[in-house]
């Protein structure tokens, strides 16, 4: 089969930005934490956009995936640290558990939520998120509201030195890799049958069915992919990096809202959008926290309202319109 | 013994259910008229609680005096948010309305936080109690639920007996149809939004009369979520559906708590909250349009 | 009675109407003909104000009403029988009609309006307590017209009143329109795809094509003009 | 063996019987008109055939295979294509992408690559005369262009049976004649069986269909050769109100 490389041109600017970020963080002293934070937001934006951007469904409970990813890593490290011989494989077991848990919740949500549209879908997703959180707390699963702490286990397996390396460097690098993967998958989907099917579903689901599109299948593909990527981000950026997990910290709708803000700022359904949105959002949040500590939310809320109203296409949406018909067009989607 | 406990708690649940019902009517009204889910619903309830707190602690009045004050504050907020923000979002895609209403909620929380501080507060209002064999009911709870019922009834009369109220129903059904009948649809949008917010803020007053402690800027979140469950149970677009669903929800919540408390080794409070969401889950699985919905 | 000059309008960035002019004389039946998608519905909606107006001037009974909101125009006696009916399906027939009498002037005359519409459409009286959604297609169309009459209009605009009706019922609807002029003295602006029937009914006819008025004339003139019929009506 | 066979189809919505005990057989190569006023159950019948919802009673056979309980997306690849009364374009996608979707998920599903689908799309876009608009977002087309695009999209599915819903409503009588000619040509060239549904454009029915089924209040009133059906006294009584040829056929 012939592979059409031109289809992947839009990845060039995306990867250029990620590489620049990485190099800046790596070589400029003191910037690594900031860059890691930005990568986290970009990765979440990219992952969330695969579902929301392509299907038009607003998954307001997306944070469930991130949270379960975190629990997957926590469980992996906590339980498999009994077998120190596994070494670095423990982290991969953690990632597998993250994927497993997010798949379970995706099945739960897909069964009900993908049949519903609009308001009901948004509410159903929030419901599942809260239901899981309070079930974990109420039934005292995985430590209940006391959560799980596993720094000790991590050092027992890897030694303090390596454990510090893992949590402060490799967890962040992994987030970069996940973000890059998400961007690639996004382009791949957009350029294949899946993308056509999802566009049709987004615009008119019933007409899509009659055209021969198995709507459940394609929605599930997008939903699962998006959920898996979210879980991987959670496993690395929270699970491995923080070495603790509390239900009240991870099942927080605010993070879903951050995803939406990032994607909307950058441009829904675009490839470059989540990256641009992630940078703008992450940087301004960081900056506000320095100059006006404690006031971030008070300032952010009205800004978000204004931007959404005045600027619903997002940065890349506007750029896309500008470059239409020029040579830059094929690099920006 | 457990049956007595259960029966006692169900009485409390029924009383609280009235307040829940009232607190959700605004959410349903906004969804019916504007087709917008107000994700910032809970913070408006919180505003009601702070209005009560201010009236009681600063002006030294009895809590019920806060009811008209809450209505005024709520409607003022409603009109303000409608004309600055919501008006521009009437035909906007869903994620923008979700995001914007959420941001409004955050804004309210932060403003209240910077005005009143973040700590937990409460007030004291003693007006006697009814002592039954199975339970003791403070009169404040009785007043709160009676007040909720009265306001729900007034709303019902407004909807069905007044010209403007009928116009609101017409807009819910078909806004274009209402427009060609000469209804000033934009004003109906504004008015309904303001009334809905007014109702929500008022329900905050009744809620503090029911539970006069734990008033803080972030108390609203949990009520947003409860309101979602209740609204779906009630059919999402029907304020009366929401009221009756509130009763059901209050009963289940209080009943379940008693039962969960019998299970050793669990946190019954969290489990009760969780149950509410599994109920929502099941409901959406079986009958997405809600139990009490029109169709 | 109604005068439209240089009307321009559209949706979003897409312009639909260009330099449109139109005049409706008091007591006349004026038709706006043309095929699907030429902007007939947009014209009516722009006149009434439910579609944004980009430019031009609308005069009604010597007053400039260009920038009045829809409800003010309804108050002045302009009403639209919309395409797709837009009935309140969960309300009863009676409630739908009551809603029609929403303008303050109309409320005062509600009783006589009810008498009038029930005499015009006796079937609606039988269906008064029924949900509007449960009526048949023809009955719903009558209810839509009756609801418009309840606003006490002077100028009534019809958007495709025969659409979706059995040919048999189409005649009844056109008879009703005729009666509205002769018995109530209303002025009528009619948008139709049923060319033949509209030509028979109208005094004056405008022909639209691609968002512009391409031809106009008395019904007799249009009927007599082969060219116009060929070029724009395809008959 | 009939291409499509409906056996006693009944479909209810709540208390309303939308389609009442309708049977119909369509042989390959036929062109059939379904006529009836709004609310007579035509669109519901189409929805049952294309699988939008299952019937309460009755069975549907396509090429002898029972498809009664098959979901919609499994029927399209078998060769059932359709257009909609009110066009339903995938608005944010271009005309070419819209038509490509037809090729991608129709009877060619799985046999052609995304790029090939794009080529097939070009062919049908030209056939319906929309080549000037192929890169436009389909949402910006005029209603008539949207209808043409839907026809191209349905044809790109390479269907065996094409269900057309009011494809000619709102067109000039002259354009209707062109469309009738076009459909006749397509039918021969592409070997498609066409069912066309109309409310009141008798001119199109008379010009196109060999056979007509008239529906009234959900039930089949008559199923006969076109001329016979349209002059049937029952049809005139409940539907036409007067014999055709007295002006109705000039509607546009």
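As written, the chains take the letters A, B, C and D, and residue 1 is the first residue of each chain.
Basically, contacts are C-beta pairs under 8 Å (C-beta built on N, C-alpha and C of every residue); 3 or more make two chains touch, one makes a residue touch a chain.
Everything numeric in this text was worked out from a predicted model, so none of it was measured.
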| item | value |
| --- | --- |
| Touch-network distance, subunit B to subunit C, counted in steps | 1 |
| Subunit D and subunit A - chains in contact with each | none |
| Chain whose mean Cα position lies farthest from subunit A | C |
| Distance between chain centroids, defined by C-alpha means - subunit C, subunit D (Å) | 31 |
| Chain centre separation (subunit B, subunit D; CA means) in Å | 49 |
| Geometric centre distance via CA averages, subunit C-subunit A, whole Å | 52 |
| Chain contact topology (line, ring, star, complete or other) | ring |
| Touching pairs among all chains present in the structure | A-B, A-D, B-C, C-D |
| In the complex with subunit C, residue positions of subunit B that touch it | 163, 166-167, 169-170, 173-174, 176-186, 294 |
| Subunit A to subunit D touching residues, read off their complex | 1, 4, 191-193, 196-197, 199-200, 202-204, 206-215 |
| Subunit D partner contacts - residues on subunit C that touch it in the complex | 14, 35-37, 136-137, 163-171, 193-197, 230, 232-235 |
| Contact footprint of subunit B on subunit C as seen in their complex | 48, 50, 69-71, 74-75, 79-82, 85-91, 95, 98-100, 102-103, 106-107, 147-148, 150-151 |
| Residue ranges of subunit D in contact with subunit C within the complex | 36-40, 140, 142-145, 169-176, 199-200, 238-242, 247-248, 250-252 |
